[in-house]
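There's a structure below that I have some questions on.
As written, the chain order gives the labels A, B and C, with residue 1 at the start of each chain.
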Amino acid sequence: MISFLTISIIQATVAIATPLYIGALGGLFNERVGVVNVGLDGIMLSGAFAAAITSYYTQSAWMGVLAALTVGALLGLLHAAICIEFKADHVVSGVAINILASSLTVFLLQLLFNNKGQSPSAPKIGQISNLDSIPILGPILNNMSYLTIIGLVLILLSHFFLYRTKMGLRLRSVGENPYAAQSLGIPVRRYMYLSVIVGCALVGLAGAFLSIGMLNVFTKNMTAGRGYIALAAMICGRWTPLGSLGASVFFGYVLAWQMNAQGLAIPAQILEIIPYLTTIIVLAFVAKRARGPAHVGKIFAPSEH
Amino acid sequence: MAKEEALVINGLKKHFGHVKANDGIDLIVRAGTIHAIVGENGAGKSTLMKSLFGLHQPDSGEIHLWGEKVQFSSPLQALSHGIGMVHQHFMLVEALSVLENIILGAEPGKGILLSYKNSRKTVEEICQKYGLDLDLDAIVENVPVGIQQRLEIVKVLYRGARLIILDEPTAVLTPQEIDRMFEILREFKKDGCTVIFITHKLNEVMALADDVTVIRDGRTVGHWPISEVNEKILARQMVGRDVVLDLVKEDAQPAELVLQIQGLQTEQVNGDQKADGLSFNIRAGEILGIIGVAGNGQDALIEGILGLRKVEKGEILYLGEHINGVDTSYLRQKGVSCISADRLKTGLVREFNVRENAILGYHTGKEFVSNLLFQNKRIDHYVNQIIKEFQIKTPSLEAPITTLSGGNQQKLIIGRELHANPKLIIAVQPTRGVDIGAIEFIYQVLLECRRQNTAVLLVSNELEEVLSLSDRVAVLYQGRFMGCNTPDHLSKEDIGLMMAGVRPEGEGGSE
Amino acid sequence: MNTSRLKHFFWQIFPSVLAVLSALLIGAAIIFAIGENPLQAYAAMFQGAFGDPSSWAETLQRATPYIFGGLAFSIATRSGLFNIGIEGQMYVGAIAGAIVGFSIHNIPAFLHIALALAAAALAGYVWAIIPALLKVKSGVHEVISTIMLNYVAYALTAYLTVRVFHEPGAVAQTYKVDPSAILPALMPPNKLNTGFIIAIVLAIVIYGFLFYTPWGYNLRVTGLNPGAGRYAGIKSTRIVLRAMLMSGAIAGLMGAERSLGIYGRFINSFSPGYGFTAIAVSLLGQNHPLGIIPAAILFGAFENGASFMSLQVNVPRELGLILEALIIVFIAAEHFFRDGLRSMLKGDKS
């Protein structure tokens, strides 16, 4: 019998959705200032790697989180420099980051641990515990990672920031029409740099959850396309924090259900297809109506305008 | 106070590589006056204003504002010195509301939070004072261009600008809207503001300005109080020689019907105005001019005829053949050619060289292809021919198209489109952004086409151009014709009213 | 005339050369950082890649999928689509070729090979239809849809390998392809095969197609300025669809070269990321069919040389992959180099 809603599915949904909505939020901070970032997957992978090895060496999961944020921010700086300074195609830069991340992580695994598959196990980020006594919510909240909660807080803060603050309005204007923003004295490039760097740091954080939130180890190419699913969640969520959260929970549910259904009569390989196919189908319905920031993916070249 | 100089510029230079955009600009603007800066396309007006506004840093020269020497490295500094600018291409965030656009970058209140309440009141007061009507909650992309311009002016006022620069502000307005705008600018003057008005339309200079400075090839040619000059003098100063835009135009000899359009209604594409029941005919040897404010269905009409937009209702007959929904490439083979509105968007491929651009749209023709391959010798021969015939200045056939001036790019397009002896030419804003020499040339070419019995559909928002070239003029408003008549039966006032959607009394409909 | 051509050529390849040199420089820094001698390592790398005919053969063997993949990527890119799904299209092509290879018996070799290659191209083609249609009809960005389809392809080929055509062995693999469907080797015992020749011929054909035929012209216009193409009577959706399908078909051939030429069967997840590295190859070759050939050989040399190097000095052979990744990072910043050096040269003159 296939079940669709059990405590374990809910718990898995939350766990799987966490890196997706944190990652989608990171992607959103890229695209809201007009920078497409298909390098999300590679940044997530690098974040996962940095978190695992830092946590292993320092024996502190929070140091791992810090390392993931830092590595994410550095890759964000690289992406921002290539897109803004060198005026390169954003997609090319993203692909470069993905390839760099997947080869560099394996290279370093080999160099540090003489093992191309995975890192040694490392301390995990803490989890909520001892809530068994609360009915219904208790079992769901139990074992929930602190990062999940932090992610939710970040979503709410970002919503508030984007729609209720002056800086939020300015940031949104940069992705819609940077020339207009510039003509009003808004430091467009500074907004772009900062937003991309912060966004990518968040993506790194999403990666930390993969390696030391959900598991306690880094494995080769462990993102398995989650960066792209996060990107899809951002699009389905219409480039808003709350929408991205909703879409991520949906994708999380599909993945959780699929994992729950393993071991049934359906071959595992066919089940694996489901989340990816779902992403495509959802996008097919949503993409036409979803309109991103007007200047997304375009080069900002004030002197030629 | 009023006699003081608001702005003095000395020997300003700005070069981009080999291009000397500004090469010695001098400017003196008296406080509390309206100062016009005129010059041809490419004379360096916009570059000058960008330097002044902090968008460029000049290579050399000095700028004195209110007696103080300044050098702005960003628009923020210009804004804080009381300079406000209405750009030629509007600087609006389309996805945001009118109010958000006005306050953006100068949001009221001390904290980090947005507060619309205070700002709304301030903005409403400004609007009331100058009689500028605005729906503050409308999303900008749904607002007509005329109103967007108004929004740009309110933006400047909201920031308390004392020196207001307007770059070609009348291009998107009807004659009546232009008059209204002039009133507002005079109102500013009364309040002690200084206005710099950049234009290439000399009648507007004469109507509005107190002083005028003429710029040519990046240099200041001279400046005068308006009482000492007239349009003719200004035109000569602007171009550097006498301008005779006297067109020799024989009486039209309309022959057979080339294009018949009956009740054309096109599909709605995004927010674009659709054609909504257009009917007209064009005969061989005739120029039909269509005038209207941009965004009133021009694109829909052109693309409907060319088969680029779905026709929902109506008939299009070309030389008696139904052409609803046929391929553009078929029409091109059958002698329909198009000089499209935006050279670099729809007329040319920026990354291609002259040769590759010269065959665009005709590249499948037997003339250029045999055995499935391009015949480069024949192509070269043809390109050299149009370069010669249309006096196109280019270093070589391999030169990237962007190394040519706007006028030469436009001539290449026209040469290409006329090469195959078309029976119908659709010319959309054929003189946009080109210098006077090229404008003269293009007018001659279009009149020659008319002599050669070609039907010409001229779509433009330059009133003078349409009136002087066309045999009949139709006024387009919200996808419909407000009227159609010969130019001598239409006054500028009537056309202006029709462009704004008002049907003047006693005016008949279309044919 | 001749000097201006030469100048043009120089400016065209200049960013690529600079990107390679910059990557090698950073690579040297990495080697130095892990305590080895960069010169020694690079010498070993060169020795391993081009030292003797058999190392040449291995280099070209490794370059072959990159030529196919680079061509697949470039043709989509030239029409304005970013086909990041070459990997998946390659997998379905590889298994389709293998299935024809082991399912049909007793027909002449040339026919068998032709059929298997056709099946592979068709499979890649079908795999590319989905993102192409999604792009044109629903506006789904091809980067996401093709990536998702890569994962679908991994799972689908794994299913076919493990559950349907499974042959027991050390790795998950299908049955062996009939000898008549095997692409003949060029320099045995090396696995370099006629697939390499096919790739070179394909590059030349695509070069002619792009620059000497009206169809290629249509494709380039569509990629550079679809708006101008529209007014010129070029139907961009049709062109984009066709380009994507051609891209998919070439990716399918890329897979078949591996299954029919190297392994003689389909092997589950055989690719170390050929489809992604091919993107770097195409970019390094300036998306030019003839530029892709040297770029692919360079990448083949990196990988072949790096594994030889890892035996000589204590540097992991993933260094080759890192060099490849660095190259695209530098290629991405191409304009910076090009414009920067140009203005420096001009500055010197004046």
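Keep in mind that, in the parts below, a residue touches a chain if its C-beta (ideal position, glycine included) is under 8 Å from a C-beta of that chain, and two chains touch if they have at least 3 such contacts.
Small disclaimer: the values here were computed from a predicted structure and weren't measured.
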item	value
Greatest separation from chain C - chain, by CA centre	B
Pair joined by more contacting C-beta pairs (A-B or A-C)	A-C
Chain B-chain C separation of Cα centroids, rounded to whole Å	46
Computed distance of Cα centres, chain B from chain A, in Å	45
Whole-Å separation of chain centres (CA-atom averages), chain A against chain C	29
Residue list for chain B, restricted to those that touch at least two other chains	none
Chain A to chain C touching residues, read off their complex	38, 78, 82, 85-89, 91-93, 95-100, 102-104, 106-107, 110-111, 224-225, 228, 231-232, 235, 267, 269-270, 272-273, 276-277, 279-280, 283-285, 287-288
Partner chain B, residues of chain A touching it in the complex	164-170, 172-173, 176-177, 179-187, 293-294, 302-303
Chain B to chain A touching residues, read off their complex	16, 53, 55-56, 74-80, 85, 87, 90-96, 100-101, 104-107, 109, 112-114, 155
Of all residues in chain C, those that touch chain B in their complex	4, 8, 208, 212-214, 217-218, 220-221, 224-225, 227-228, 230-235, 346
Interface residues, chain B side, partner chain C - complex	17, 306, 308, 327-332, 338, 340, 345-352, 356, 359-361, 363-364, 368-369, 372-374, 396, 398
